[in-house]
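The next block holds one structure in the form of structure tokens; read it before the comments.
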Amino acid sequence: MQKKIPVAVLAATGSVGQRFVSLLADHPWFELMAVTGSDRSIGKSYQETCKWLLADPMPENARNLKVLPSSAEDLGGIPIVFSGLPTDTAKEVEPYFARAGMAVFSNASAYRKEEDVPILLPEVNADHLSILQAQRKHHGWSGSIVTNPNCTSTGMTVVLKAIQQSFGLSKVFAVSMQALSGAGYPGVASLDIIDNVIPNIQGEEDKVEWEPRKMLGKILNDKFGLADMQISAHTNRVAVSDGHMVCLSVECSSRPTVEDMIRVLSTYLGPEDAQHLPSAPKPVILVKHETDRPQPRLDRLTGNGMTTVVGRIRVDPLFHIKMVILSHNTIRGAAGGSIFNAELFARQQNIIS
Amino acid sequence: MQKKIPVAVLAATGSVGQRFVSLLADHPWFELMAVTGSDRSIGKSYQETCKWLLADPMPENARNLKVLPSSAEDLGGIPIVFSGLPTDTAKEVEPYFARAGMAVFSNASAYRKEEDVPILLPEVNADHLSILQAQRKHHGWSGSIVTNPNCTSTGMTVVLKAIQQSFGLSKVFAVSMQALSGAGYPGVASLDIIDNVIPNIQGEEDKVEWEPRKMLGKILNDKFGLADMQISAHTNRVAVSDGHMVCLSVECSSRPTVEDMIRVLSTYLGPEDAQHLPSAPKPVILVKHETDRPQPRLDRLTGNGMTTVVGRIRVDPLFHIKMVILSHNTIRGAAGGSIFNAELFARQQNIIS
Amino acid sequence: MQKKIPVAVLAATGSVGQRFVSLLADHPWFELMAVTGSDRSIGKSYQETCKWLLADPMPENARNLKVLPSSAEDLGGIPIVFSGLPTDTAKEVEPYFARAGMAVFSNASAYRKEEDVPILLPEVNADHLSILQAQRKHHGWSGSIVTNPNCTSTGMTVVLKAIQQSFGLSKVFAVSMQALSGAGYPGVASLDIIDNVIPNIQGEEDKVEWEPRKMLGKILNDKFGLADMQISAHTNRVAVSDGHMVCLSVECSSRPTVEDMIRVLSTYLGPEDAQHLPSAPKPVILVKHETDRPQPRLDRLTGNGMTTVVGRIRVDPLFHIKMVILSHNTIRGAAGGSIFNAELFARQQNIIS
Amino acid sequence: MQKKIPVAVLAATGSVGQRFVSLLADHPWFELMAVTGSDRSIGKSYQETCKWLLADPMPENARNLKVLPSSAEDLGGIPIVFSGLPTDTAKEVEPYFARAGMAVFSNASAYRKEEDVPILLPEVNADHLSILQAQRKHHGWSGSIVTNPNCTSTGMTVVLKAIQQSFGLSKVFAVSMQALSGAGYPGVASLDIIDNVIPNIQGEEDKVEWEPRKMLGKILNDKFGLADMQISAHTNRVAVSDGHMVCLSVECSSRPTVEDMIRVLSTYLGPEDAQHLPSAPKPVILVKHETDRPQPRLDRLTGNGMTTVVGRIRVDPLFHIKMVILSHNTIRGAAGGSIFNAELFARQQNIIS
């Protein structure tokens, strides 16, 4: 059997970090060799310092890892690094890792807006990885930074890609109902959400209105260009543990029928490169036919939490089609997405045969 | 002191019926004289047969009312009747009451689509009551039927009226997050909503896309005409007890600034006729300036639950302006709304001086 | 490979029935051959008539089963029948199946109080199955009825058995916080439980105060005798989907230390007969050492939902020891428990080698 | 009209502090003259610095108060001070206020265990205020410190007093299901409580097992003695915003019937001194007769949140009687309770005629 690629998780005790650790437990290609954490946890064993928040037990292979500082020297020799760092810290330290030759797969928003850093969803824009050559040249890095999108952008961009490809896409209206885990831990106070909805998530609407356009855009002169479409977003927090819902209305270049849309979404495969990776969603998009699905509690774990679930595809009286989208925000929309990105990278770099 | 007008509540043991009974307890103009219920409750006292669901205690004056059948003969002599009947029954029996000379104020959707039955929100379309003359003539009734809109249409139509009046209105995008009490009792199963969102409410989107257009329209040749605008709606059920939220994006005839919109909404008064009635919301619209309001748990009882609360007024990249609207669905959007309608009627008919 | 035993599920479209169908999907010994349902579903395919409520998808092997009436003739030749019937129907029809030679494993309470019907938890009272000989003789059945306890009694009786066996047991105080799924579907209305606790579950306290005493008692003259102890129970419904919690205080014959109790519970194996069955919990009891566990959302799926999870073992100032117990109410406490019972039966009857 | 007594609220921006500010808004005897806060809020206006968490709007009279430091000099001349300080700070600063001649009514647990500091519930132990003379002498204070009990102890002690007085009391078993607001703000993380129960509240069980015994005890030689009874408590956090429930089983000196218990509780008045104060609960105890009450959402505001609500009074097979108790934890159990205490003090000191 082939030797696994050593990987590290930055900020491994946080809520995204824990999901990384959990998903890497039995990964066929990657082996978790190191975890980093904040000052107060450094030097302790992972199980000693981490308040584990998942229902799956903490993986055996992580329990006794010594928590290291989040610095490139301490992780010398590990080629792939997953970052669950908060934005501020990510901004500061991720370039050090890239400079030191590591491939950083980041869940943070710090570098998403950079014109040579991809926001990657393998089933959407696998070809965007080709920017890395320019990225390395430009920054003088031997490593690289690849980001995954905001958890709300994730599911809707998978759907938008399938639509764009078949019907063209001009206008998008998106209203989210987002899960609590999207805010990390401790995150949202229970008193703020019991018997309640919070009609704002700081900074989220800007991301949802911008990130899909970058992912659906093209590389021109070693820079990303934005797709030519307009998105309007409202983002809300609701009393759901995991699973972000988006109510979506779209106007296409040519008006599709409901049947067209169902067919296109349910048969969408994405780029060939991304179809046979370990974390590839099967199916990429599941179209539900019940009148009241998808629902977070029942559908979020479809395809091990990597599938984008769509339902209620119907005619929109203002635009063309409306529908509901569900995506698991801490699996597809965060840690699982970064791992999927690293798999695509490893395949393209021929690190894995 | 003036003698109060005797009123009755149809289907008084249901969830809307209970709200009627509660709100009528100390009403300055109306006195609850009779309640009706289903076969199994007829003949019992109200307190004996009604599983009271509100936090306020059952009003003293209702406890010992004998539950009557929902028929016009049994309520002879009572001029004003509030209907909390389910749609099917409402369809059948409300005309009997109208024929018998009673003014029916109905929370049911059964007659909302009739071209001579008003869907009334006094702070929006008080003038629509003038259709009753034609209604009586057409049906040969000495009484009348007045409906109030669906609970989700309610808050947004108050806002849309203020917008229409100042800026014109062409396109509306509305996504609701609706409270459990909107489904009555027992209504939504707890297993369907814990840690969950249900992305559909049967028949609701049709109502939200149509009712506001009738309320914002004009009477022509003794019939209602629809306002010339398009509405697209997504409706969702969330884990909230009371208070419907709507994320709203609007395109106007002329583009307003955010400041224009704030000014217009926060100073909206509605028709003069509706401003000084006992249930008139004070203010009609409250504009919140915090970045995360309105919220159902904190804001639903604004103005005794009659005020429409708006927040997050901001520029919409697709249309003109986006915002969030909150309206108490069982007070402003149901029983309180019907009572407000009856007050307008009583004032216009000079029953109350 | 050995041939599987054909089994049927009665009331397979209900919430317990669905859990049976789900757990039987890949069972190593049993093969689901028939499902029964109410009049309105008879003749339809299972997938057509069943509103599936579980997050795991409906098993392939069940989808196209034709729903049959719940009668023994229609299930002729199937030796093992799982009953998810409501109590009233169970009372009436389960004896017909027993008379027809079938082994009925019932989740209903209908026959739990019979002096020759076991309430069975294999890891507690596997020896109670020996009553079946007397049961058959007494009723003239060639089949049999075996019940599993109420879902709240389940977890606490596993713990009480371990305590009784090591320290003797005289007094038990138990306060439950029970999940919504314990009430079936639609069960508890969402308006009754949002931001709320319901401090009563009809008939539950009687069961919790009596059933453990039967399971911990002995067979004398072909009848069950009750263990000599007193139990006081308060039962409550809380806003949890799955997983019943019990706060337990016990007085033993000899006072154990906290360390004694931890050791006894964490090493409890139960009867040899029950240890190597497919559904046997591994471990039988898991003792958590964190100060705030077990918790339903994080711990209910321990041991595939079959393990009893205990935490906060500490000194009780009134009795001897207090602790918290968690048990998955629809797996260990209902369908999973019945299947475990049938496995014990099949092993003891040498149907499975 | 009489002049009101100036009062101040310490830590007025916290969750208990806000409740103080809200309840003092229209108080007939007290006038809020000053608020204190943490370093980062000092010098700002209350409305500018306080994230208001209550559904009632922030009172007009508080909005423009300048936030002061929590020190006695800054509040010179204000005779009554309400403390919503956290325990650590309370420990340190409350004596300074007492030394400076102020009467401190504290919601903190810091001094509850002092043998000359009363834990006061006017409807239970109004006579305990007489300790203040000894307290002043012992510490050389011209002011005083009076505490109110832990929010879970509150409701159950009111009930236990009525029982003790009529039947004697020897053993108490208490299991709480406590509201989120008891943990302050932000308090419990939403991810910890959605679809969940937390079976521990740090330090709470010790308080519940000890505080009632002090309140039900007698003063001997200028010190409090504990009542001779044993209490065992389990404390749990559930997904409820406000309102602590306690499942209670009691063993009395002489066994009461259920009817005796209902009569004694529903007619309990408490000490004469406490009956006619502005915040006195009316009634002190409300006994519900429905089989599923009290419930937090429906019953917590009984008597403006000051009444202790009891239900399900029934025979206990181990002890004598079991029942359920509900008390509003931030009104009766915190701010409302402290204000009630100050009213008793003001009356006894003849500050109010």
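Lettered A, B, C and D in written order, each chain numbered from 1.
Basically, a residue touches a chain if its C-beta (ideal position, glycine included) is under 8 Å from a C-beta of that chain, and two chains touch if they have at least 3 such contacts.
Treat the numbers as computed from the prediction; the structure is a model and nothing was measured.
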Chain separated most widely from chain A, comparing mean CA positions: D
Which of C-D and B-C has more C-beta contact pairs: C-D
Mean-CA-position distance for chain C and chain A (Å): 41
Geometric centre distance via CA averages, chain D-chain C, whole Å: 42
Separation of chain B from chain C, taking each centre as the mean of its C-alpha atoms, in whole Å: 48
Multi-chain contact sites of chain D, meaning residues that touch two or more partners: 53, 192, 194-195, 239-241, 297-298
Interface residues, chain D side, partner chain C - complex: 171-173, 175, 177, 192, 194-200, 202, 209, 230-232, 234, 236, 238-241, 245, 247, 249, 291-298, 311-312, 316-319, 322, 324
Touching residues on chain C, where the partner in the complex is chain B: 15, 53, 180-181, 185-195, 239-241
Contact footprint of chain C on chain A as seen in their complex: 53-55, 194-195, 241, 297-301
